[in-house]
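Chain naming follows the written order as A, B, C and D, and within any one chain the residues start at number 1.
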Amino acid sequence: MMPSPGLEMRAERHHAMAVDGEQWLHMYRQMLRIRRFEEQVNELYMSAKMPGLAHLYIGQEAVAVGVCEALRRDDYITSTHRGHGHCLAKGASMDRMFAELLGKAPGYNRGKGGSMHIADPDTGNLGANAIVAGAVGIATGAAFSAKMRGTDQVAVCFFGEGALGQGVLYEVMNMASLWKLPVIYVCENNLYTEYTPYQEVLAGEILDRPRAFGIHAEAVDGQDVRAVYFAARRLVERARAGEGPAFLLCQTYRYYGHHVGDIDRSYYRPREEEEFWKKERDPIRLLGTWLLQERLADERILEAIAREVQAEVEAALAFALNAPYPIPDEVAQHVYADKAEP
Amino acid sequence: MSTLTKRNPEGASADRVITMAEAIREALAEEMRRDPQVFIIGEDVAEAGTPFKVLKGLVEEFGPQRVIDAPISEAGFTGIAVGAAMTGMRPVVDIMFGDFLTLAMDQIVNQAAKVHYMSGGRWRAPIVIRATMGATLRKAAQHSQSLHAWFAHIPGLKVVLPSTPYDAKGLLKTAIRDDNPVLFFENKAMYSTRGYVPAEEYTIPFGVADIKREGRDLTIVATSRMVQVALEAAERLAELGIEAEVVDPRTLVPLDRKTLIESAKKTGRVLVLDEGHQSYGVTAELAAAITEGAFYYLDAPVVRLGAMDVPIPFSPPLEDLTVPDPEKVVAAAKALCGRA
Amino acid sequence: MMPSPGLEMRAERHHAMAVDGEQWLHMYRQMLRIRRFEEQVNELYMSAKMPGLAHLYIGQEAVAVGVCEALRRDDYITSTHRGHGHCLAKGASMDRMFAELLGKAPGYNRGKGGSMHIADPDTGNLGANAIVAGAVGIATGAAFSAKMRGTDQVAVCFFGEGALGQGVLYEVMNMASLWKLPVIYVCENNLYTEYTPYQEVLAGEILDRPRAFGIHAEAVDGQDVRAVYFAARRLVERARAGEGPAFLLCQTYRYYGHHVGDIDRSYYRPREEEEFWKKERDPIRLLGTWLLQERLADERILEAIAREVQAEVEAALAFALNAPYPIPDEVAQHVYADKAEP
Amino acid sequence: MSTLTKRNPEGASADRVITMAEAIREALAEEMRRDPQVFIIGEDVAEAGTPFKVLKGLVEEFGPQRVIDAPISEAGFTGIAVGAAMTGMRPVVDIMFGDFLTLAMDQIVNQAAKVHYMSGGRWRAPIVIRATMGATLRKAAQHSQSLHAWFAHIPGLKVVLPSTPYDAKGLLKTAIRDDNPVLFFENKAMYSTRGYVPAEEYTIPFGVADIKREGRDLTIVATSRMVQVALEAAERLAELGIEAEVVDPRTLVPLDRKTLIESAKKTGRVLVLDEGHQSYGVTAELAAAITEGAFYYLDAPVVRLGAMDVPIPFSPPLEDLTVPDPEKVVAAAKALCGRA
C-alpha cells in the first residue's frame, strides 16, 4: 500500500542529506522555465501567432522536474500531448522548442512534429506522443533494449490518468514485470481526462492496477517537487540496480484548459477548484517558500532566477520568430531513413 | 436530387442553410427520437459534445443513458457497441480522430464486419462508426489521417464520405437505419461548411453518386472535402473555357460505378481526387473501376490526385503541400485537356 | 480474497438443497455429450474426414456445463477457439454442430463459420471467436444492451487464461465495473497458452486483475461441476439482481493437444501431468462417483446415459456426413444484411 | 537474377532445393549470427518455433534472450519492439496470423511508420514485422486474410511479399538490414513450397521486380502465392499458344513501376493477380500504375483478379471459390487475348 506520510518522511530523511541547496535551486529554476515558457506559448496562441493548438503543462511542473532530476542525460523518457514540461525538464532548450511549435526549420524536429511530437535523442527524449498511451510500448521497449544491450539506462514513461483506459498499458506492464525491465511508469493524475472528471471513466483504485501485474507502485504529492524527486530517485536507483519496474502516481492539477482553446471550463470543473490549486498547491511557490524557510535562498536569489528565465524566454522566442520555415523539399524528406543519414 | 444538388452547397438565401456540424447533429437527434434503440458512445460526447462540439445539446435532450461518455478505450467501447448492436441496439460510435481507428481495427474488421457472414446470416451488427478525417488543421501526423481506404477494402463494411451538409444529414440517417456496420467519415475541416438542408425529413440512399456540377470537357471524381476543392477548381476552369463535371460517389461501399463510368464516357477525360494517401488508396480503385468501364472512351489515362505519400507534417507551409488544392487540380485538369 | 474451501462449503450448503438429483444427472449427461462429441471430432480429424483443425475441450467439461446450467436459454454467452463445449452446454444440438465442423449446409452457420465460429441466436450463443479475447467486447456489450433494454438477461464471457494478455479485456472490465453490467467473465486456466506454460507469460496473481478494476472475483475447482455450478449460480443471481459484473477463475486442464494436430506434447508438458489429471481429476468420473455415493444414481442409470449419448453422437454424425455442402451461390450471401432476411 | 529466377521455383536437381520455411529460417539465423542486435519476439516462437515450425531450432542456437516468447499481446510486444528498435536493437516481430495485425495497427501505423518523419529524421525504427497471409487452408474468416494493402497505403512502411524460397531468403535479409519498419508477408500456404536457394550468401534489393517467366502475348503481374498460380496458368496458356510473361513486383513499397510498365508496353495486355480482396486493394494500385504508364500501348483495360469481396468462408467448396486459381486465370487470360 501507499506508505503513510510519516513513514514517507522517515524513509526520505537520509536521502535529503544527499541533496544540496544548489540542486533545489536548479529545480526551482527548471519549474519556472516551464511555467514561463508555456505562458508565452499561451500568448502566442491568443495572439494567433502559433499554428494549431497546445496542451499546457502549467501546474504540473513539479512532476516533470522532480522525475527528470533523478535521471541521467542518457536515460530515456517518453512524453504525451502535454509534453513541453517533460521535454524541458529532460534538457531541451527553449529556442528549438519554440521553433518546433512554430513549425520552423531549426525546431527540434524541423517543424515536422510540432507541439505534440517533440523528440530529441541528445537528451534521451524518445518523443511526445499524440496518441494517449501511444508511447507506453516505446518506453517499455527502450527499457527492454537497455537491459538487452547491458547498459544501466532507465526509461521513464509519462502519461496522464486517462491513459489508464488504454489496454496496451496493461499488456506492456505485464511484460515489464515478467522481464524485470528498468522502466518507471509515471502517471500524472490531474483529475480530468479532457473534459471528464477521471472518476467517471475509471473504476477501482489506480494503484491496484500496476500492483495486479506485480509492479511496485506508490503515490506521491505531485505538487511537492522534493517528494517527487525523492520518490523518483528511489525508484530509478531500484530500476538501475535491476530490481524491476515501478509505477509512480503523482497527484496534480492543470491550471489552464485541456488545450489553449479550452477557455470556458465551468461546465466541467468549478472555478473555486482552480483557484484553490493555484493559491494553495502551486509547486513553484511551495518550493520557493521552503527555500526561504531553510535559508537555502533569499528573495534576491529567486528574483535573479526569475529575471534570467524571463530573458531566456524572450531570447528563445525571438530566435524562433525570426527562424525560417523548412524549404518545400523537406516535405518529402525523412519518410524513409537511409543508411546515410543522419 | 439534382435540384437539391444544384442549390448545394451554397443554398439560395431563401432556403435553410446550416453547417455540416448542425446537419450531423440533426440527423442524430432525429434518429434518436425515432428509434429508442439508437445511442451514442464515445469520449467526451456528453457535456462536452466532443471537442468539435458536433454533439452539443444531445445529452440535454436524450440524457447520459443514451449519450455515453466512455473512457479512452477505443477498442473496448467499439467492442461493446458491436455486442450491443448484435443484441438489439443501434449504437453510434464516436471516434474523435480517425487516426484512433487504428486501436479498434480488430473490433471493426474481425468482429463487426464478419459476424453476419461467419454466422451464416444469423447475427447482424447494425453499428455506425463516426470518425473524423482530413488534414490542413495543423494537427500533425497522428491527428490528420484519412484512413477510409482501409475500410473500403474490407467486405462487410459500408463506407460513407459526405461532402455537404445536405449529404451528411441524409446519409447519416440512412447509415443509422442500415443493418450493417457503417464507417461514416466526417472531414474535420468541413464542420463549419454551410449548405442547404431542407427542414423536411429526407434520407439519401447508399450507392448513388451525385453529380455536383455538370460539364462536358472532363470529369472530376472527388470525395469529402475534395468535392469542394473540385468545385472551386471547376469555377476557375470555366473561366478558361473548360467545363468540368464534378461527380461525388458519396459512398465508397457500395460504389455507384455506373454513374462514374457514364460521366467518363461522356467527357473522355477523368481526374480522381481523394484526401487519403495516393498510393494503394481510394484513387486507385476509382481510377481502375472507371478505366475498366470506359477504357475505349478515354482520351488519356485517368489522372489521380491523392494526399502525398508522406506522414502529414505539422509545419504549415509543408502541410499545405500534402493535400490537393484548387491550384493543383486546375493545373492537372489543364494538362489533361492539353492546355498545360 | 478467495474464500477458504471450508467457507465455500458452508456458503453452498443451502444452495445444494435446491438442486435435485435429476439436475445433477442432467449435468452428467451434458459433460458426457461434450466428451463423446469431441472424441468423435478427433476421430474425424485423424481419419482426414474433417477440413481444417479443431481445438478440443475435453477435460474442461465441468466449466462449460457448470456455468451454462446456471443460465437461462435467453442469457448470452461468447465462446472461444475451444468452443464446442460451451456451445453444447448452452443448448446446441450435435447434428448441426457436426455439420458446421464439416462445412455442410445444415450447419449452424451454413458451414461458413466452422469449428471456431459456431454461433446460435436460439440458444443465446453470440459466437465462438478465433481471436483470443476477441469476444470480450461483444459479451460486455450484450450485458450493456440487456441493461439498456431493461431485460434481466446476463452475459457470460468464456476465455482461456491466455486472453489475460489482451489489453481490450481490461478496457471492457473497467466499463463493466463503472456501469455495473450483468456480465460474468469466466477464465478457464488450463495451465497452457498454446505451447507455453501460463506462468511464463503472466505476471502477478490472476484474481488481482479483475479486482484492480473493482470487479468481484473468485476461484473455483474447474473439475468439480458442482462447485462450478454453485459459484456460477451465485454470480449469475448477483448480476441479474443488478449487483454488477464478476470474474470466475476456473482451474482446469485440457487432455488433448492445443489442437487436434498437436500430438507430440512432451516438449512443453510432461506425460505424467496429463496422466494425473485424467486419472485423478476427471470431471465426469468425479461427478459419477459422487452420484453413486449419494445414491442419486446407480451403475445402470449411468450406463444408460452413456448408451443414449453414444447413439446421439452416431445419429448426429450420420446426419452431418450425409448432409450437402452449401451451393456455390452462398459464397456471396450474408456479406451484408438486408432488412428482408432472416 | 534471371538465371536464378529460371531455376526457380523448381531448382535443377543439382542445385540446393529447400522449402520456403527453411529459407526464412536460414535468413533469420544468418542475420542473427551477423548482427547481435537482431532478436525475435512473438507468441510461441521459442521451443514451439511457431505453429508453422518456421523458427524451429532458432532458440537452441540463439537462446531465449534472443528468441522471446511473449504473452498474447500483439499491440504490447509490437510497441516494445518499436521502442527497442529506436534504441539500438533490430527486432523481428512474429505475428502468427496476419489477421492479428488488426491489434497492432496503432503501434505500426501511428508509431513505427511515423517516428522518423515526425522527429525530423532524428529517430528511426528498424523493425521487421513478419506476418502470415493467405487462404485455402480451411481456417475461416479470422485466420485467412491478406491485409498487405493496408500497409502499402501508409507512408513510412515498406511492404514485401515473397513468392519463392529464393526471394523469401534474400528479401528477408534485406528487410532485417533496412533501417525502416518493414512488413514481411509470408503465405502460410507456401511454407512447404520448395525451390532453389544457393548455399552462398546473397540479398535481394527492394524495389526490383522479377520476371518469373518471359512471354510476348500478355503480362500477368502477380504477388506471393499468386505468382505460382500465374506460372501454372502460363504453362496451360502456352499449350494454347499464348505466351504469358509473369512479373512479380516482390516489394509493393517500394514498387518497381518501370519493369511493370515495360512489360505492359511489350505485351499490350495485362492481368493483375493478388490474394487480397479485390476492391480497394493491391490490384487497383497495380492496374492504375500500369495504365498510367502504358495507356497508349494497351489493347484492353488491365484485368484485375483479387480475392472475392467476401469474408473467407470455412466450407471448403465455398472457400475455394474466393481466391484466384489457375483455371480462373487461364479463363481471364484467354478472354483478354480474345480467345474466350
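Keep in mind that, in the parts below, a residue touches a chain if its C-beta (ideal position, glycine included) is under 8 Å from a C-beta of that chain, and two chains touch if they have at least 3 such contacts.
Quick caveat, the model's predicted, so the values are computed rather than measured.
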Pair exhibiting more inter-chain C-beta contacts, A-D or A-B: A-D
Most widely separated chain from subunit D, with each centre as the mean of CA atoms: A
Centre-to-centre distance between subunit C and subunit A (centres being mean Cα positions), rounded to whole Å: 46
Distance from subunit D to subunit B - Cα centre to Cα centre, in angstrom: 31
Centre-of-Cα separation between subunit D and subunit A, whole angstrom: 42
Interchain centroid distance [CA atoms averaged], subunit A/subunit B, Å: 38
Subunit A residues counted as touching two or more neighbouring chains: 110-113, 117, 129, 131, 134, 164-168, 171, 174-175, 178, 200-202, 335
Numbers and ranges of subunit B residues touching at least 2 other chains: 70-71, 73, 75-76, 99-100, 103, 106, 110, 117-118, 140-142, 155-156, 308-311, 313
Partner subunit C, residues of subunit B touching it in the complex: 39, 65, 70-71, 73, 75-89, 106-107, 110-111, 115-124, 126, 155-156, 158, 179-180
Contact set on subunit A toward subunit C in their complex: 164-171, 173-175, 177-178, 200-205, 208-209, 211-215
Subunit D to subunit B touching residues, read off their complex: 99-100, 102-103, 105-106, 109-110, 113-114, 117-118, 140-142, 149-150, 152-156, 252-253, 255, 276-277, 279-285, 287-289, 291-292, 295, 298, 300-302, 304, 308-311, 313
Sites on subunit B touched by subunit A in the complex: 43-44, 47-48, 51, 69-73, 75-76, 99-100, 103, 137-143, 308-311, 313-318, 321-322
Touching residues (chain side subunit A, partner subunit B) in the complex: 51-53, 103-104, 110-117, 129-134, 162-167, 193-196, 200-202, 267-268, 325-326, 328, 330-332, 335
